[in-house]
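As structure tokens, here come the structures.
Next, two complexes with chain A in common: one pairs it with chain B, the other with chain C.
Let's look at the complex of A and B:
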């Protein structure tokens, strides 16, 4: 790149990225700014719907009403539960995959990552069918005598958590698997040959090295759970509302767009704050691993 | 060669069962001959697959989703390729800001993009138009397109291009005959991932779709919230079969891992 002083080469990168820049200003930044403005407007049926006057009404309502507190708390608790389960299931699975080889490895990879290409609606439908009181899970548990009465999974937190783990755990496997690729197998072998048990090797050699993968996978899973819509909506129903389904109801049910916009803005802000602080934490702690 | 213990293999089997169970149950239920959700205990029937094609709403939504995926993936790639070339080749002021901006739709929850596009498209009068929904999907798929194209541009050997220039080729000829063939894997991968992302997107589309621009996932979502019947199961099974066929072809000709790696954030 010794041509930087050439005036053509100073303009060219801007020319090349200008279509994308125009697109993002017109269709990404402007809509988001409009939503931010809308969230400060108010909604009054008597005055014909949205009233374009600046006020904090919506934010006051969301931040002071225990109904909304419950929804935000449920969403947060759901995200924590799903993230923890994804770590507990996805990390060992990625390690097992990493130690496999040949044909079986690619078949297992396909089975785990393939569902990512199937619409979330389809995957959630599968769980809805499995969860029904006459669904496969209940029928088989009844048949082998583990339970006497059907367990309720449809419209419960447990059901939503199971389905969200299914939807999101491939991201965890991908993330941990990527960090396992950088692992030098000779270090594991060195540990073993020096007399460490496989468990010690796992605990003291493997886990610390794949920690960045686990942490960045957790972040993806957490953020995607916090904003999940279709799965909680289908499996949680009207009673188990999360932030995303609440924003949807305000927009398309009660038509209170300003309030819906305020909920969406709060979700976005919470998301950005969590992602950036978490990223900073990871970078500080594992700056070595990213070099 | 397998280094896993029996316990690990058992875990693997349980995990794979968990991953595949909901998809397998859909494929089984789809073949029922009953009028309600049930396993096909009294013989396999194609009754509900025929029913899909008799339902014009699902057929229309399917074609719309295909069209939407093709158009938005193509626009995204056409915009992503020059941007990726700028990022990979030039060190310019604002480079990192541009890059962060272009990848940022991945950080924004789709529900937020949905409400933003609903207000925006209504204001400019494009709500319910095909172009409106296309533009919203371009924003959603751009980061994926950009990342995969970028991965093929970075680390590209520029000597071939310099040779072409020194032999008198014009910029366009260099791009068309030297650069493009070299970055083609990233371009194809980016297009495919963009198409799939657009085709499967539901959360944002629920807001942007009007009765005349209902995509297939939105139509399916609306149907499921009303009723879960064998029709929706057979349609879902059909989508699983199509996805499996596409996956097989991609894996054969391209390498599935190259595309799936782009899915992670």
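Let's look at the complex of A and C:
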């Protein structure tokens, strides 16, 4: 009765998964490989654009030019800032949500998930209306006399960060909330009964045990910020470039596809390295929480 | 003055009454169980003592100090939770040391006390493991050690053994009892398991419908239950409705479905409706016509150490338990006499529905 020795049964799993596999290969692997190949080609206007010759020119250009260093630095600084803010806002938010009950819980959940239900462009343009020098925020602050001159929010890092945190915090909340669901409901009482203050219970008992949720939430937020395009593009403008908008500009502005591809590949590689390193670090530090 | 006192404790959630007029006095070093079916208010009572639930009315006193409105973290109680609620991200040692750390006890003394308690619960060699690497019974002992190491005024046990297998549970009962005796800690155990309550406690408090039904030593409680709820919650009994017909010479005669049955005198009045109760193990088999009543064996079940018979009689079905001391030659369908001494009969005031 060894079903695996039957040749039909050996093939069956592959047959069953082939539709998804084909889709994955066709829509993800092939474009990715093509982008990777493209990034090693060179660009020469005199020779008619993209030249299919293998070279490291694009990588050398990106890695040696301080202009690109600045863009990569800005992107990762932005990602770290957004991730930290999402952890600081999302974790308490998830905890409070976890402690709520009934109707209020549903209402608050909806408010948190709300941003995800609105198209990224619409939502970002909404922020633009709020942020502008004649925008709602500045007009109200001026009217009540808190400020004398409009605060600059459009085309600033602050504006981009606020808008990104707004849309990405739900991922953090959901992820932390999922870990909180797995927490023993009596664990906090156990801490209290042993003489710990509510703050110490949170800090030393609850937080370490929901670390997997905080970790996966911050990985999602970090990766989404590092590759965010619409929000930095609309609110940051062309001067406040991030990696994703730079790759876009290389493709569609200067038509230097190979350089754009190299930038995209470097972003991917950097993202993968940062995320796996962070993951290893946290998993080691809080190994018991991950079992 | 008793060490732990509950005075007129009441807890209402909206219009639901969880605990009503609970009075309990526990002496220092005493082991008292709160026993009852689910929803009887025993867990709410424990949570009020622990401070997780605020009473609607009444007071809680520990060592003559009113703790009714004291924060849980200030009560100095050791609690073992049903789920153990161990800190999974800490080693066994750190779990146990947590309460001492919160009390800012110096490292040398703390380490010494943790080692001491871990060896008392036979977990000395597991100090650097993590909770998830331990079996259920071991985790249970960690939870106990963590609660005991702070030298609590009162130890509260919330169904601590219910998650364990039957065999380990029995071992843990013995161990729990011996540790509690060794350390002399006043202990309250919440359980729905009557044999656990009787095996462990100095006194058992039976709760029913948010109220304390009866509190007494296990043997006294089993032998002299106040009502049919306590009777049937603590073991099994054959209960029949009847009324007092006559009383003289220390014996009352009770009319049960037209049959005259005898029992020791009680303070019931003639004509009063009572429940006539006789435990299955108090009944002996005798030859037909030689006992109090005759019946036909309708079924018999062998449980290893004992036989359980169901006997059909004119007043209803009896359950009879006989120890498997010798071969019992009573088959299904045979007609037998059932006999008992009147002093084994309990007359219980009928519960007013």
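Here is the rule we use: the second predicted complex is superposed on the first by the 275 of 291 C-alpha atoms of A that agree within 3 Å, B and C clash if a C-alpha of one lies under 4 Å from a C-alpha of the other, contacts with A are read in each partner's own complex, and residues count from 1 in each chain.
We adopt the following convention: a contact is a pair of C-beta atoms (placed from the backbone, for glycine too) under 8 Å apart; a residue touches a chain by one contact, two chains touch by 3 or more.
Keep in mind the model is a prediction, meaning the values are calculated, not measured.
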Touching partner for A:181 - first (chain B), second (chain C), both, neither: neither
Chain B or chain C, by number of chain A residues touched: B
Partner chain(s) touched by A:12 [first = chain B, second = chain C, both, neither]: first
Which of chain B and chain C A:66 touches, first, second, both or neither: neither
First, second, both or neither for A:197, with chain B first and chain C second: second
Touched partner set for A:93, first chain B, second chain C, both or neither: first
Chain B versus chain C as contact partner of A:32, first or second or both or neither: first
Residue numbers on chain A that touch chain B, as the complex places them: 1, 4, 9-10, 12-17, 19-21, 23-24, 27-28, 30-32, 34-35, 38, 89, 92-93, 96-97, 99-102, 104, 108-130, 132, 136, 163, 166, 169-171, 174-175, 178, 198, 216, 220, 223, 226-230, 233-234, 243-244, 247-248, 251-252, 257, 260-261, 264-265, 267-268, 271-272, 275
Touching residues (chain side chain B, partner chain A) in the complex: 1-5, 8-9, 11-12, 15-16, 18-23, 25-26, 29, 37, 39, 78-80, 82-83, 85-87, 89-92, 95, 98, 101-102, 104-105, 107-113, 115-120, 123, 135-136, 138-139, 142, 146, 196, 199-200, 202-203, 206-207, 217, 220-221, 224-225, 228, 232-233, 236, 239-240, 243-244, 246-247, 251, 256-257, 260-261, 263-265
In the complex, chain A residues that touch chain C: 184-187, 189-197, 200, 205, 208-209, 211, 286, 288-289, 291
Chain C - residues contacting chain A, complex: 50-52, 71-79, 81-83, 85-90, 98-99, 102-103, 130, 132, 146-147, 150
